[in-house]
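Written below as structure tokens is the structure these notes are about.
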Amino acid sequence: MLKVGIYGGSGYTGQELMRILLRHPDAEVVALTSRKFKGTLISDIFPVFEGLTDLKYMDASPQEVAKMSDLVFLALPHGEAMATAPLFLRAGKKVIDLSADFRLHNLAVFEAWYHKHSAPELLSEAVFGLPELYRKEIKSARLVANPGCYPTSAILGLAPALKEKVIDPDSIIVDSKSGVSGAGRELQLGSLFCEVEEGFKAYKVGEHRHAPEIEQELSLLAGREVRITFTPHLLPLNRGILSTIYATLKKDVTTASLLELYRGFYRGEKFVRVYKEGAFPNVSSVRGANFCDIGMSVDKRTNRVIIITAIDNLVKGASGQAVQNMNIMCGLVESRGLDIIALYP
Amino acid sequence: MLKVGIYGGSGYTGQELMRILLRHPDAEVVALTSRKFKGTLISDIFPVFEGLTDLKYMDASPQEVAKMSDLVFLALPHGEAMATAPLFLRAGKKVIDLSADFRLHNLAVFEAWYHKHSAPELLSEAVFGLPELYRKEIKSARLVANPGCYPTSAILGLAPALKEKVIDPDSIIVDSKSGVSGAGRELQLGSLFCEVEEGFKAYKVGEHRHAPEIEQELSLLAGREVRITFTPHLLPLNRGILSTIYATLKKDVTTASLLELYRGFYRGEKFVRVYKEGAFPNVSSVRGANFCDIGMSVDKRTNRVIIITAIDNLVKGASGQAVQNMNIMCGLVESRGLDIIALYP
Amino acid sequence: MLKVGIYGGSGYTGQELMRILLRHPDAEVVALTSRKFKGTLISDIFPVFEGLTDLKYMDASPQEVAKMSDLVFLALPHGEAMATAPLFLRAGKKVIDLSADFRLHNLAVFEAWYHKHSAPELLSEAVFGLPELYRKEIKSARLVANPGCYPTSAILGLAPALKEKVIDPDSIIVDSKSGVSGAGRELQLGSLFCEVEEGFKAYKVGEHRHAPEIEQELSLLAGREVRITFTPHLLPLNRGILSTIYATLKKDVTTASLLELYRGFYRGEKFVRVYKEGAFPNVSSVRGANFCDIGMSVDKRTNRVIIITAIDNLVKGASGQAVQNMNIMCGLVESRGLDIIALYP
Amino acid sequence: MLKVGIYGGSGYTGQELMRILLRHPDAEVVALTSRKFKGTLISDIFPVFEGLTDLKYMDASPQEVAKMSDLVFLALPHGEAMATAPLFLRAGKKVIDLSADFRLHNLAVFEAWYHKHSAPELLSEAVFGLPELYRKEIKSARLVANPGCYPTSAILGLAPALKEKVIDPDSIIVDSKSGVSGAGRELQLGSLFCEVEEGFKAYKVGEHRHAPEIEQELSLLAGREVRITFTPHLLPLNRGILSTIYATLKKDVTTASLLELYRGFYRGEKFVRVYKEGAFPNVSSVRGANFCDIGMSVDKRTNRVIIITAIDNLVKGASGQAVQNMNIMCGLVESRGLDIIALYP
């Protein structure tokens, strides 16, 4: 039984890790920390756990948690994770960080979009935790940077086409729409029910921090620098990201042949579902599940392809992918604990 | 491996049975019928199943399905189930009927609220499938009438207090609120998104067909005839029923002592969660899970108790409870396949 | 042109006052205050006003605002209004207070449910601003206490039946459901989108501060002390309160005769709509409008009546009713500026 | 007083015309037809009108309605309007058609995307009813083709930039998201609450009938043929369209200078609001109002501009724009009856 710690588990990603791990046959959560909720049962904060666990939030140091755990998930705000991860690594523990602190390999890019980095020496060691691209590296990693939700939806949607040079890397536009849980459980005016319900808007137009993360990975796939236009929007719903991706075609492909290419690229992948021609993803088909669904259509009139991907931002976009990484890192069956069917309606 | 058929599986309860049974370790769905969707993959109708099953809807007779199955769920409209159940019983198969056709023991009451009954001889044999009250009878039943969603929420909320004669049976008011999936997947004006979103209303005031079902069970619990006032309302959300129940106290109890009574009554029950004093259920805490959550408050000023229960109408209010009944009828562990944690947010 | 000030206008009720008053033919908002948003255009806080007004929030003392205005709306938190109202009155201005500070006539009751009162001498002078009951008193009032949203829905639903002694005052149960805007625009965990969406719960069971306000008015109508059971619930929608009210009948009435009684009681009232038999209100039919819609059904089987009322909590439950009071106090046509048709869907 | 008929008024656009026209100081609805609801009060179908009008649906021929009206709105399905409009024109009445039947000037294009046209001779006469572009033509028109909702949002967002040749016409991508009321009030599976709530998807990818309508107008603005990529999506909300538009820049502009260009282009327009730099529209800021809000950002890194527009699909996208056209055609003040402030929250 793998002993797992969750460091900073009072938000939605921490709660989602608990939902998955409480039903994981090979792992056990031994520590769950929160300064704010210290001493409180997690079931008092999240009543979904009522009767299912006696786990309480503790206010423990990384050292204390390290003693109890084989692997630790960091569900901390950006900036705090970089200070905490080294302590766990030093104690010989594996770390999966759900923040952005170790996702960018280039220190200058990180500091331009975020702030000063306190553990830059780890940037090159950290593995970008997208199993469909980096399974081998994750297997032997000490530190995995769990990808952002938007990047997961964009990169999985573009990887086969970019790698096979089907599309022009300079033409990529990613129009993404996310549910509100992506903003976390912090008190912010923009997350109030009445500010969101029956509303829809773009935000951080041209300045969202997930852009450099997407560009890093697309550049690696394309073998050259890629710059994209990325526009995030806020959907009036709890969970889900749908990304509508546009690119100009460089090769003469049909929808059918492109789908075939994608099916080949993702052959054997349990958590990527390539749709048949004419079918397109809906975030409600992945709600609560670890899938990334992909559909597409070639628009001959304009020589563009429209690729649409859907994930649950808290699952494949965060905690589900983190557990997938844990399974890989610890030699467990990769889909262990993740055979959840989406809840519909 | 238990072989299970779902007869009439094109609606939300059929889909929910599939969600649960596809992950049930001891049961396998071998037949799924729908005249409308004959020959179509269930994953084409409900993309949540994409990649998870190759099951297709078939248009098969009860006799054909009986040959393949050990037990059959009827997810048919009222009126059709009564014509179909006898065919399965005759073939020696166990039947769990999710319609209202076999819930009322009294033929006259049934025909007053519904229509003529074509299999009245089965009314006395059918067991009302509320395991917390009728576990023993379910164990040996051939035909289980799976309770209605509103009745499940009302009866579980009142059973201990009525049985212990803490409340006046003539004073009971049940104010229930249900999500839209309770209306099924049929095309009705009142189920359109724009008719429901940002709206809230009562419906069928004083004439909902679940009233006699609730009264039948409350009367059995009280040992005398009970008549209630029952008002259903439509919530602008997918899943969940919250029932706010009012009754006048006959005994001198406190909230604490009443909660203690409930905890005793439901001791050992895996799917009833009695809350601590001051805590009250929310439908979002049972979304997708098989629990009935119960909270309450004694109002000394008016000598009333307010009991609040929450269920997911598609799970404990329909398909989850049906699988719970299946487990009992077939000698499986009662919670098998039902250890689902609610999805939040 | 009536010169109007809004003191404390940064929340939803202040915004709603602006929406109504900007289109009021006989009134003009001359001052709008907010410490937090001092110097900011209201259209920068609420973009619905973009291009429609150049009004900025100012941080002005009551004395300064009094100089500019004939009448002032106080949209302040409870506790602050009691300190502010006397200053405006002393300056000879009319005041409509949207807080709870002057709604209760009995000081002891107020202080038991709220806190110490700093202007108790005004409690007897303040008029409870429900025009359908106190039009004459409002006409000559200096200080009007605008009713709470829940009380408006409960009192209008019960007034005719109580006054005509059709129902037993000891039997009244008010089961109310409110949209989230009733909680205001403050940052609270319980108002976050993800905490509310797809959820439904009761809150402050047996302890909501609107109970004594409802009881005060029902007691006056009944001519004796009335105690009720009142349970508020939170709906996952922006606007609207639906109250489902239960009472035992003391007279032999039918639904038709009771509706007739209500129609007589509210004859000539522009903002109360009594429905025909078999029809029941929906909050979506009053969204944005100043109506209180009322429907009902007599349940012969249990000798109870079920009365259902719907209002928009921000309009008839707050700012619309406040403008109605302003019109009455200032000798304007009572419906002036309030002929708004509900927005549907 | 202008006498107005609404031919086919049982859907949301008919209802919305009524909401606006009942408060229009210079117009009066004298006839409202519906075969289905013949003889029924509109307030029985849409309770928002309870107490506000005695108007009943009638099943009258165009000839009968023509006798009573000066101007007629056609709120009929595509295909029926083309058969009806000529009858009103022959009777000497002005016609505003809310269907797509007369929006495309080119018969071959119409028949390729829709079906055979029964009144092709009117295609060249009909004026595309976008007042900001065709005010002069509308003034003297007999037949106005009210624009589609998506086209309104796209064309107003692109007109200044295209006309001034700031953007490359071959680079235009329109990613639009619409509320469910855009699908009308017909019974369709995809419009059921449970199919939409907590979901989000693209639909009719690359084949939506509004594409040729947008292209027609963009081509006229650009002075050459324009082909766009257009992807509509379905938002889980009642009202609103947000279009996120991408185009490659041909001139060296900044966000500020482009906004200045837009402000100049729309100077004097009452219903177009160009936002300041850094501010972006939200559909909730135009809910129920006739505005088209526009914001934008120049992305220097990729040499693209991102233009975002928001309208209420039932108002500026349908009935509000239709009334605006009526005012122009009949010599009334253009904004008459349309000074509605959006409802928020």
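All chains are identified by letter, namely A, B, C and D, in their written order; residue positions are counted from 1 within each chain.
In the analysis below, a contact is a pair of C-beta atoms (placed from the backbone, for glycine too) under 8 Å apart; a residue touches a chain by one contact, two chains touch by 3 or more.
What you are looking at is a predicted structure, and each value in this text was computed from that prediction instead of being measured.
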item	value
Chain pair with more C-beta contacts, B-C versus A-B	B-C
Farthest-lying chain, centroid of Cα atoms versus that of chain C	A
Geometric centre distance via CA averages, chain C-chain B, whole Å	39
Distance between the centres, which are taken as Cα means, of chain C and chain A, whole angstrom	45
Centroid spacing, where centroids are CA-atom means, of chain A and chain B in whole angstrom	36
Multi-chain contact residues (two or more partners), chain B	12, 181, 194-195, 197-198, 236-239, 281-282, 287, 345
Touch list for chain C against partner chain D, complex	12, 15, 19, 22-23, 46-52, 181, 197-198, 238-239, 273, 275, 279, 281-282, 285-289, 291, 293, 339, 341-345
Touching residues on chain D, where the partner in the complex is chain A	170, 173, 175, 177, 194-195, 197-203, 205-206, 227-229, 231, 233, 235-240, 242, 244, 246, 280-284, 287, 297, 299, 301-302, 304, 306, 308, 310, 345
Chain C to chain A touching residues, read off their complex	12, 180-181, 185, 187-189, 191-198, 236-238
